[in-house]
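Following this line, the structures themselves.
Same chain, two partners: chain A is paired with chain B first, then with chain C.
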Partner chain A sequence: MSLIPQLILNSLIAGSIYSLVALGFNLIYGTKRFFNLSHGAVAIIGGYIAFYFTKSLGVGIIVSSIIGILAAGILGYLLDRFVFRKLRQRKASDMVFLITSLGLMIVLQAVTALLFTNDFQIFSSQFTSYQIFGGVITQVQIIIIVSVIVISTGLFLLLKKTRFGKMVRAISDDEEVSKIVGIDTNKVIGWVFFIGSAIAGLSGILSGLDIGLEPTMGLSLLFKGVIAAVIGGVGNVYGGILGAFLLAFVENFGIWGISSEWKDVISFGLLIVFLLFRPQGILKK
Partner chain B sequence: MNKTTKIGIGVVVVIVLAVWGISSLMAPKGPTTKPTIKIGVTLPLTGGVAALGQANKNAILLAESQLPKNLKYNYQLEFQDDQFNPGIGASNVTKMISVDGVSALISFGSPVGNVVSPIAEQNQITHVNDFASDPHVANGTYNFVDYTPAYQDAKVFFPELEKRGIHTIVFFGQQDNTGALALINTFLSVASSTPSIKVVSTQMFNTGTTDFRTQIAKVKGLNPDIYVFEASSPELEILTQQLRQAGVKTPITTMEAFDFSSQLSLFEGDWYVDAASPMSWFVDLYTKTYGTAPLSGAANGYDSLNLIVQAAETAGDGKSVPSSTAIATALAKISGFNGALGDNLSVGADHLVVSDAVVKMIQNGKPVTISQ
Partner chain C sequence: MEYLLHLAIVISIYSILGLSLNLIVGYTGLVSMTQAAFYAIGAYATAIAMTSYDINFFLAILIGIIISGLCALIIGYVLSRFDGDYFTLGSLGFNIIITAILVNWRGFTGGATGIPAIPRPSLFGFDLSTNLTFFILALLAVVVIYFICKFIVRSSFGRVLKAIREDEKAIQVFGYNTHYYKLAIFAIGAMMAAVAGALYASYLSYISPATFDLNESVFILSIVVLGGLANNKGAIWGAALLILLPEALQFVGFPSAVAEELRQVIYGLAIVLFMLYRPQGLVGEYKL
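Entry: the complex of A and B
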């Protein structure tokens, strides 16, 4: 089997996972301008809720996934409603937002570990795989790639073609002016958190279906999503997708010829290069 | 405070002193209380390997309950949770040494053992680690390891490979895991000097890796006879899943790594080499006490406590707690010890209580010993 088709497929799979995380992250950052470190933990909680409904309650995987996505969305909304909104009202600095989100990440991770233990969990060891252009891909991985296409298309339509999207863009440009013109910014931001967190939940569920779940996995997902967002243009929803696939291709082709221990060096090295030479990312906000 | 109150307090104090004095004089002059030896135990009671840590604790408590009543000393155990984190383990033992005044320590695993060892040595406190593959944990006068060392695993592993007609291997190693590192180094060292075995590819990765697909794609075409993994959870399970998703049906094996997996069904039918299996009497006793079979390392915990007790009983006169140096000296001379891991065990000159490795296979999601 030639290596190139499999490397391309591997890059598409990894890029899709990173894209889903970056999409939600960028949506929230684009509106509120802070690095929400709890985003990764919300993603994994979505995965665990779907896991719980599937494994413990015997609910079908599709219904469980919908519940997991909604639960992650609601969790994100509640975090905004009861934590971040309060900080906005107090005009807290960016550092306070960052530290708070870090604290939330740790709390959510710890609660997840208490409820589900630290043991690595898998939905199922069974899978269906297909040969495509000389490479192997599983059914779940195909769903991951399709999900990115569907979600990014949906987000495009939402942000460009709806009144809600206009309000989001207005708040992103200037929250104070948005309030003046009559936009209920808290409500819109709440919905942004809901949507961004729901997308994160989907990424957690798909990641869980593909490789499994562990409470600390949210952090590594978040790191890759953030790197993708920065490379693509932080705050630019579509830039995040571009950055995600660029990151995935560079990682996978980068370790083709060298030892795989260098993978993290490649990821973070690429981040540093962009921060030094193109900090605004590939696509500006 | 007025005069009446002062007089009242004075009267109460006098009465209390009088009662105490009289009761002391009247107390029966029985035998004096035995001195107590404190033993500090740091285990992963929460976290990724909590099941193993908890089993170890159960076994140590079981050993304590089985101690004869006519010993020279009372033994008091203090347990601390280290979450298999070396930093927390170091903090635990520092506190147990400096605040609780323990005379001996028990720790679990190479990562924690490697940080506890120098602390124990510096403070001259006897330390037994009961789950360390890395023999360096036993460095020094005061440190001991009661676990099958990696070289014992290799003594069984490589003949088993040859017996099964395995000649070509692809190896995956979690290089920044100190627990796996001793096994990785031993495997690579012995493999390089075994003519019948050829490691056709060595793939190292870091903790936290969740995407092994490209590494797998790189080695898939080599078609080895077997894949050898030295990793811990969850990297072990993720690597295995992705290997199978890539369409690779080649068997997987390891030295001990399957012990750390919570998803043994992924390795159904795969054989591996593990540390010594416990004696059947210990398995029966543990199962009867706790309602479940002992996990890997539990028997080592049972023996660790008994080794310390035997050493303390030998070193001390029963009137005062023996020095930790005396306990360590006595422990180093133990031979003919009959424990949960076997009969006639001895502490070697390298402070390792050597027990034999065994071959196991995952059958119906459980490890089963197939060859001693």
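Entry: the complex of A and C
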């Protein structure tokens, strides 16, 4: 195992996870420009549900993962239906959206801890690992990288080629006008929450498989996703992917030679540098 | 009685934090999630001054206030370039950076294990170390800070702050440099939070970075949001409510780990419900 290839592989893996979080986050951000802080908690709940089905009920990992992804999607949909839709109707300010999502994050994280305890949990299975250019990568990590390619291509096709995608883009341009031209905005936004949260659920499951699960992990997933989204250009689905890989490379190479506990400082430092010098992100929406 | 005194001291400390953040969030409209960082700086400065340099509590608290204020000027200067959601995101980043520094700068801050054996205050040979005298001291701090806040919000300075909250562009047209005002109130709030930090450090005699993480900033923000934005009494009500609620849960008989999570569920739900149905909080005068 040599250092540089391993650092590159680690960056690619971390970047893929961050991309998944950022994809869902940006998709939801597009509908009503607000930072959805509950996104990470939804992701980790997807992970825990998949974990529960494999570990406690003995369901196969593939089926459990599908259940976890759907559950996260449904949770996202319900949050929109019963909370965010009400705020939209009241035309609440962005700050109200942000603080509400913060409240939801606290509730979801605490409920996860009540149901699954605060202990660190790992999926039992040992995964085969491979050598690439002197670096080590596990089967799960390969799946992580493949998922990003599949999901981002799928999302690209969905947004660019379908009627639904057109409606989503219309809403992100102007919700009021979309309503006037006859788009059922609540329904479309509900679907966007479902899809975005389902992708988040996938990221929760994959990082659970890769490193393990802990209720507070949702917060760090969220931050990485948000930072990736902001430095990539918030609301821009593809910018989020660029931002995610940039963040992952800066983080992994940044802790070269110093304690890995500085990782958060590096990632938030990068965020603040971007906010100061290029607030619109790499790609402007 | 000791237990009631303990609760009263904790409520006093959080009242100060609530009052300090209310100046920033409630009166100026800057949703800051970094108040725990200044709380931490105050606590650490006081603790290090008292334990490593044997400085008297009342002088140490002053050092804490000054250091916290200076840090706030630097952080506030960076944050003053952002608005709205980005301000909140940036402020939350600074909280994480400050806690990471506290954890990693082991030689100075004691790292993750923190600083033990911080003495209680004494003045001119009088020992103020009983819980009762400490409570009187904390209460005095609350009263002083309450009146400072009241003075600030009623002054012309406070009126400019409220104008910034309502319409920053409009007040700029009248020739006010809003950056200075925002920076000033950010630093004043941070200095008040440092007082709370100093009291906390001396009261518990032990501090560690875990106390001052992002969750703590979220907790202080909830005090302000639930108690009532732009209402100084609201901040105190919010502190009392959020401290007493989990205590009540423990009396009902939940084990403390479950009670802790339930507390989170309740205050998270409270935030959501308040945002949905009463965005100005209990007695607030401003809706976000």
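Going forward, the second predicted complex is superposed on the first by the 279 of 285 C-alpha atoms of A that agree within 3 Å, B and C clash if a C-alpha of one lies under 4 Å from a C-alpha of the other, contacts with A are read in each partner's own complex, and residues count from 1 in each chain.
One rule holds in what follows: a contact is a pair of C-beta atoms (placed from the backbone, for glycine too) under 8 Å apart; a residue touches a chain by one contact, two chains touch by 3 or more.
From a predicted model like this one, the values you see are computed outputs, not experimental measurements.
> Quick one: on chain A, after the overlay, do chain B and chain C clash, or do they fit? Just give me the call.
Partners clash after overlay.
> So in the superposed three-chain picture, is A:G269 touching just chain B, just chain C, both, or none of them (first/second/both/neither)?
After superposing on A, A:G269 lies in contact with chain C but is clear of chain B.
> Which chain makes contact with more of the residues of chain A, chain B or else chain C?
Larger number of chain A residues touched: C.
> Answer with first, second, both or neither: which of chain B and chain C does A:V107 touch in the superposed model?
In the superposition, A:V107 touches chain C alone.
> Could you look at A:S259 and tell me whether it touches chain B, chain C, both or neither (first, second, both, neither)?
It touches chain B and chain C both.
> Is A:M95 touching anything from chain B or chain C once the two structures are fitted on A? First, second, both or neither.
In the superposition, A:M95 contacts chain C only.
> Does chain B (first) or chain C (second) touch A:V250, or do both, or does neither?
neither
> Looking at A:I74 after the superposition, I want to know if it touches chain B, chain C, both of them or none. Which is it: first, second, both, neither?
So A:I74 meets neither chain B nor chain C here.
> Go through the superposed model and pick first if A:D119 touches only chain B, second if only chain C, both, or neither.
So A:D119 only meets chain B here.
> Output check: A:F34 vs chain B and chain C. Expected answer is one of first, second, both, neither. What do you get?
Second partner only, chain C.
> After superposing on chain A, which stretch of chain B overlaps chain C: 170-178, 206-214, 314-322 or 350-358?
170-178
> From the superposed pair, tell me which chain A residues show up as contacts to chain B and also as contacts to chain C.
118, 259, 261, 264
> So in the complex, the part of chain C that touches chain A is made up of which residues?
That would be residues 31, 78, 81-82, 84-86, 88-90, 93-94, 96-97, 100-101, 103-104, 214, 218, 221-222, 225, 257-258, 261-262, 264-265, 267-272, 275-276, 279, 287-288 of chain C.
> For chain A, which residues are in contact with chain B within the complex?
Interface residues on chain A, with respect to chain B: 1, 3, 6-7, 10, 13-14, 117-122, 125, 127, 129, 136, 138, 211-212, 214, 217, 220, 251-252, 255-256, 259-261, 263-264.
> In the complex formed with chain A, which residues of chain B make contact?
Counting only chain B, the residues touching chain A are 46-48, 50-51, 175, 203-206, 208-215, 217-218, 220-221, 233-234, 237-238, 241-242, 244-247, 261-263, 265-266.
> With touch defined as at the start, can you tell me which chain A residues reach chain C in the complex?
Residues 34-35, 83, 86-87, 92-96, 98-100, 102-111, 113-114, 118, 219, 223, 226, 230, 259, 261-262, 264-265, 268-269, 271-272, 275-276, 279 of chain A touch chain C in their complex.
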